[in-house]
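To keep things simple, chains are lettered A, B, C and D as they appear, and every chain counts its residues starting from 1.
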Amino acid sequence: MMPDLSPEESEMVRRARRIAREDILPIAAARDRNYAPGEAYPWHIADKLDAAGLRTLTVPGKFGGFGARHLVQAMVAEEIAYGDLGVAVSMDQTYKFTQLLTNETTQTQRDLYLDDFMNDPRALLALATTEPQSGTDTFLMYDAPGAGPRMTAKQEGDFYILSGTKHYISNGGLAKYYFIFARTAPEKKMSEGLTCFLVPRDTEGFEIGEAHSKLGRRLLQNGELVLRNCRVPAHNLFGEWNGGLSILKRMVSGALIPVMGPSRLAYDLARAAAQENGAADEQWAQMALTEMYMLIEAARTYLYSAAWHAEKPTDDSKRRLMSKVFASEAGIRVCRTAMEIWGRTGAAWHDARPPPEKCWRDVLSYLHGFGTNEAVKLKAAPLLAPAGVDEW
Amino acid sequence: MMPDLSPEESEMVRRARRIAREDILPIAAARDRNYAPGEAYPWHIADKLDAAGLRTLTVPGKFGGFGARHLVQAMVAEEIAYGDLGVAVSMDQTYKFTQLLTNETTQTQRDLYLDDFMNDPRALLALATTEPQSGTDTFLMYDAPGAGPRMTAKQEGDFYILSGTKHYISNGGLAKYYFIFARTAPEKKMSEGLTCFLVPRDTEGFEIGEAHSKLGRRLLQNGELVLRNCRVPAHNLFGEWNGGLSILKRMVSGALIPVMGPSRLAYDLARAAAQENGAADEQWAQMALTEMYMLIEAARTYLYSAAWHAEKPTDDSKRRLMSKVFASEAGIRVCRTAMEIWGRTGAAWHDARPPPEKCWRDVLSYLHGFGTNEAVKLKAAPLLAPAGVDEW
Amino acid sequence: MDFASGEATLALQGLARDFARQEIAPLTDALDQEKDPEKRFPGEVLDKGDALGLRTLSVPESLGGGGAGLLSLSFVAEEIGWGDLGVGVIYAQDWALAIAVSRLWDEAGFAAFAENFVQDHALHLAHVRTAATPAPEDKSPYPSDARQGASIEKDGDGLRLSGGARHVLNGAAAGLFLLESDSANENERRIFLLENRDGSGVEVARYHDPMGMRACPDVDLRFEDAQPGHPLDCAEEKWRDATHALRILPASAAVGCARKSHEHAHDHARERVQGGKPIIEHQTVGYMLCDNLMELDAARRSLQAAAWAAEHGEKAEPWRSFLAKAFATESCERVARRAMEVWGGAGYMTEAPMERLVRDVVAFSHAFGMGHAARSAAMGLL
Amino acid sequence: MDFASGEATLALQGLARDFARQEIAPLTDALDQEKDPEKRFPGEVLDKGDALGLRTLSVPESLGGGGAGLLSLSFVAEEIGWGDLGVGVIYAQDWALAIAVSRLWDEAGFAAFAENFVQDHALHLAHVRTAATPAPEDKSPYPSDARQGASIEKDGDGLRLSGGARHVLNGAAAGLFLLESDSANENERRIFLLENRDGSGVEVARYHDPMGMRACPDVDLRFEDAQPGHPLDCAEEKWRDATHALRILPASAAVGCARKSHEHAHDHARERVQGGKPIIEHQTVGYMLCDNLMELDAARRSLQAAAWAAEHGEKAEPWRSFLAKAFATESCERVARRAMEVWGGAGYMTEAPMERLVRDVVAFSHAFGMGHAARSAAMGLL
């Protein structure tokens, strides 16, 4: 039941914790407040994380990475997120898509890109499906003609020509390598006409559009990817031609969200404030604080359990999906309560401390991040065991 | 993170599961509906559980029991509770107080009672603090003169004479041995004037009063204990004279409640009904079922985690306390939703199946069982780490 | 806008309050504990209520009734529901269905109906909903509202009804049903009155044994060549507008039931001492009472607003009665649960008033359109 | 009981609605994104509103004001809050504090106050609450409302005020404060008017930078030998009754803000197609819209009932305005959050209207007594 981490694994978690508290937390709130969306990401922190081996955390040992299992990935991302959720997500996205880069690429692709990915401390990864007209459609794999991404890819000699726009892409504008999904048989359903391409940022015709300003998670760039006759070399076809949907179907580890990082920070801030300003003597604040503690412990345990099972025969993707729903709701409530315990200042900027309102704005992103909670439930529903099958 | 049970431990869990499904579930609903409170407990089931080694589950091996750790205790009780919560609680109370009987008794007491406890398949245990005037006071150990139990005990030669009434005692009327708390210095606070006595049911002056009819958990007897000049032999003083409160302070394993048993049953019933009656095709029911699954998994994982930690240096009693609050709320919501998925019949008796409304009535008992949820929060509050201490 | 009740409403409310305290409450506690569902009908209470004019309160005075409007009736329903939710639901159906008939039939037809209704002092009304397709034999161990149904065939100038209907509230003692035969095909939709008497082809197939609201029998019906009465207007919109009261008034009764549990909790909190002071002075308890007051008031106001809108034909918001019902019902559940929590372990015992009240409000949630059904109906009207 | 608004109310509501759409909303979006809190004051909007008579709407017509009652004002506040919650709060304070002065001062005093208030077109009112004990220097990195405070000392015939007050809404531009100096010892409790002008000894010590409701500046004040005006009646019960509007009207403005986010969600749900149909036809989304309608209506009705009760001096339920405020505020948060969820990821972007609205309603929750404070106050009155 306990993490039971190896000493090496514990060390990675400790490193993440140290950087989060010593380097990220002191700068995060001011960046959140004062920086423009396209400039808020702290690259110097990314360098530190890389130097600590945390950017390549999930790269298998044979390629020079740490080869972390899902549980360690979840714990490290949560620790980073204590400092700032946006920074954590920039790494977490990279952790998730590392698997694609290291295990599902062709030898040619690995020869071309893997060394660079390992050596460039700022090489982050992103995956792009969402477009203005299709968000939940793609997430739920609504398999009807016309539904899903509209970006097209056409073969032209030794190149694929990609045209269209993606948006709300985490790490969009930050990442160096993108897994981009486009229609290769636009008249067909997604299951029959969607293909993935590995697109380096410097590819001709690939531009970063607007960096959206957001309610929270403002240190992370959620970029628009504008592809205008973007020329992707033929060897960068990723996976099967028209086989894009099956890749998406396998991508569920994103459900192991680091939402408890900001939630723990909010709890710490609230506890300290309550004990200092006298609220801790009142029953309402005592109940509120213990509930916060409860929700954090329940959510962390659930997330860790889902992560632990991920490498086991007992893995169950609906456990991973629903732990995301649960943890996001729990985190939002924890952070909101922390604001209340701070009193009037709980909804305002505060010079001397990271304000709990930033934690709350940040974690609200998980109402839609990795699928809206309602969509995640609908995605999990068909995975429920049929009547009569013992699920326990 | 996984239970990682030994083969012997798994076997105990499997036995509990088998008896719950084959023996308890088929009879529970009818007993709940038709039997008088004093007659509803199925002793023949208790015999089966005993024969399977499940009554003496937590008795250390050296005394002939299975010596289960807390995690196994929690899992076994949950499995029994799938059949019926009342039956599970009759065992669970015994599991909890076994520790008192085997580890904290005097050699004389063990010589007198332990063999009988091991050999009588119907020897259950109970602990009695609650009285009409003091429930939460005792639970929260409100340490003021006049607060707490009013039952008195006075020394008279080789006997203690106990007088007063306890009520709402789980296993009251079923148990053979009772740990009863009485005031031995009535003018003083509980911390200075409360003492515990080990009282066999056949003690002179000890009577079982009214068996209360209740909303749910109706197979368990919640009895009144009426002590009229009850003559307890001096050697049955349990623990220190005036040291009763410190015994209570150590009793927290009760927080590992088996509430997920009925919740899992309710989920199974709802899933089957939805898939049969068409509700499963509607989004509302899909969302409801996945939420139920989510709450069950989150609560079980949290409870198991609290149980797992109980034998470790990382044990933390507020984790145990708050897992009770969380799991009870989760269970209530799961069972209530199951009723809704059943539709009109969800709030009525149903011949052919155990009705989810019984599950709901049963788990509602955990709003107050082992302390009202609000009181449990207040009990956990002082255990929160002081500001500045890292709790994670 | 004026939140003061008129004198007539206050008088009716007072009458209902006294009746609830003096007659309904003392009798119905015993009915709740009666094991046999067939013996739970509160006939004696209803007779006394009829003598006060409660049964026909929604029939216009010109036709011999009490002439109370929907908004006034919501006050009365709350008081009766305080006495007993089952009795409240019986009256709510009487009132709501008389209103529905008045809107779905022509003047003469309604006058004839009203004359009969006013004269027969034991006559109660009940709402029956069936599918237009007859039910296949229900062998499933799981419940399915969808499986109920009855076929309607032409028989000379009239119709013949065969099949069944499930979960009809007050379906055993009611003498007259408003039967809604629903169908995906709107042309097959039918609404008519159906008599329930010896030889009318209507029989009780089964008494359910619900967890609460037990004074109002919940039965399955079987129809064998039953002869429906005059067909009523069955246009979808017309039906919806005619039945606002069928959602509002039962919910008002539920508010009364929840209010009663809150009152008990409030009283207990003032008396019970723990931690050295009455528990009402602890925030743990005081906040729960505050939350109850908030939700009771919000539920009541939503229902009143819906009642007023329905009385004034505010067709622009047809979703209002559906959502007010759902909101009120869900609020009532939370209120009753909190009331039980205020009582601690004692609230879980049958001797505590809330043990029954919490069962009553939850059983009520399952009637008159559950939360999801109300939302599904309302979202189609947004 | 009558839920129809009178003509005068409808006219005021219409006026406010037009003003909100045409003037407030276009201007305030930019204020929200202004980085410097000192530059967010919506002076231009307020000048236009004053020309319409909005500022002095609660002053009796006989004294030159709009003569609107509390219930009517709750409608107007909702419309202004729809335009912008910060502006809504500024007006809500103007209205509520003028009402408070009318109840806490004698006739002549109030007339003098009103004359001044009506004539000075830029004069706004703000509520200041301090502890009677002066604040020690606040070195804690954590916020504490408890630490604020100011000492009041006799100075000849008058008084002198020194110290500070934290989180005064509209505290920079308001020309007149209603200052409540609170104390555990009721004899030391004082309520008076305090002028805020050059040389009056009142200074802005700090502009806070709140997450929302930004058009209404949130400042800390410093008092140095400030001279309080005429002392007002400071009996606890009197103060409570005089300030119902100070809880109700801001909350009505918050309902307007939440309503706006719901309207945007509703529009979006009709247009956005996923899964082959507009998302409003999916239960996941349709139910959220239903829940929003339920809670908006319940919140509005609770506030209206409290407003009516306060206007009619219903002293029996002094807790009503506290709990209606708490209920409405918490409902508004849920509504705005659901509205954001309906928009999916797009709702999280600053370009979406709800990104701001969700910040506004949450920031509002922290003002005028938070949920726990309202419950704590109310439970003492049960």
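Keep in mind that, in the parts below, contacts are C-beta pairs under 8 Å (C-beta built on N, C-alpha and C of every residue); 3 or more make two chains touch, one makes a residue touch a chain.
In this text the structure is predicted, and so the values were computed from the model without any measurement.
S.K.: Is the C-beta contact count larger for B-C or for B-D?
M.R.: More contacting C-beta pairs are found at B-C.
S.K.: Using each chain's Cα centroid, which is most distant from the centroid of subunit C?
M.R.: A
S.K.: Roughly how far is subunit C from subunit D, centre to centre by C-alpha average, rounded to an integer in Å?
M.R.: The answer is 40 Å.
S.K.: I'd like to verify one number: the distance from the centre of subunit B to the centre of subunit D, where each centre is the average of its C-alpha atoms, in whole angstrom.
M.R.: 50
S.K.: Multi-chain contacts only, two chains or more: what residues does subunit D have there?
M.R.: As it turns out, subunit D has residues touching two or more other chains at 283-284, 287, 372, 375-376.
S.K.: When you check subunit B against every other chain, which residues touch at least two of them?
M.R.: Counting only residues that touch two or more other chains, subunit B contributes 272, 276, 282-284, 287, 374, 377-378.
S.K.: In the complex, go through subunit D and note every residue touching subunit C.
M.R.: Within the complex, subunit D touches subunit C at residues 1-6, 9, 71, 266, 280-281, 283, 286-287, 289-291, 293-295, 297-299, 301-302, 304-305, 308-309, 312, 319-320, 323-324, 326-327, 372, 374-376, 378-380, 382.
S.K.: In the complex, go through subunit A and note every residue touching subunit B.
M.R.: Checking each residue of subunit A against subunit B gives 1-4, 71, 264, 267-268, 271-272, 275-276, 280, 283, 286-287, 289-291, 293-295, 297-299, 301-302, 304-305, 307-309, 312, 314, 318-319, 322-323, 325-326, 374, 377-378, 380-381, 384-388, 390-392.
S.K.: Going by the contact rule at the top, pick out the subunit D residues touching subunit A in the complex.
M.R.: For subunit D paired with subunit A, touching residues are 35, 140-147, 166-167, 208-212, 218, 274-276, 279, 284-285, 288, 337, 340-341, 344-351, 355, 358-359, 362-363, 365-367, 370-372, 375-376.
S.K.: For a test of understanding, state which residues of subunit D touch subunit B in their complex under the given definition.
M.R.: Result: residues 282-284, 287 of subunit D touch subunit B.
S.K.: Quick check on the complex: what are the subunit B residues that touch subunit C?
M.R.: 33-34, 130, 134-137, 140, 142, 144, 147, 168, 212-216, 272-273, 276-278, 282, 284-285, 336, 339-340, 342-350, 352-353, 357, 360-361, 364-365, 367-369, 372-375, 377-378
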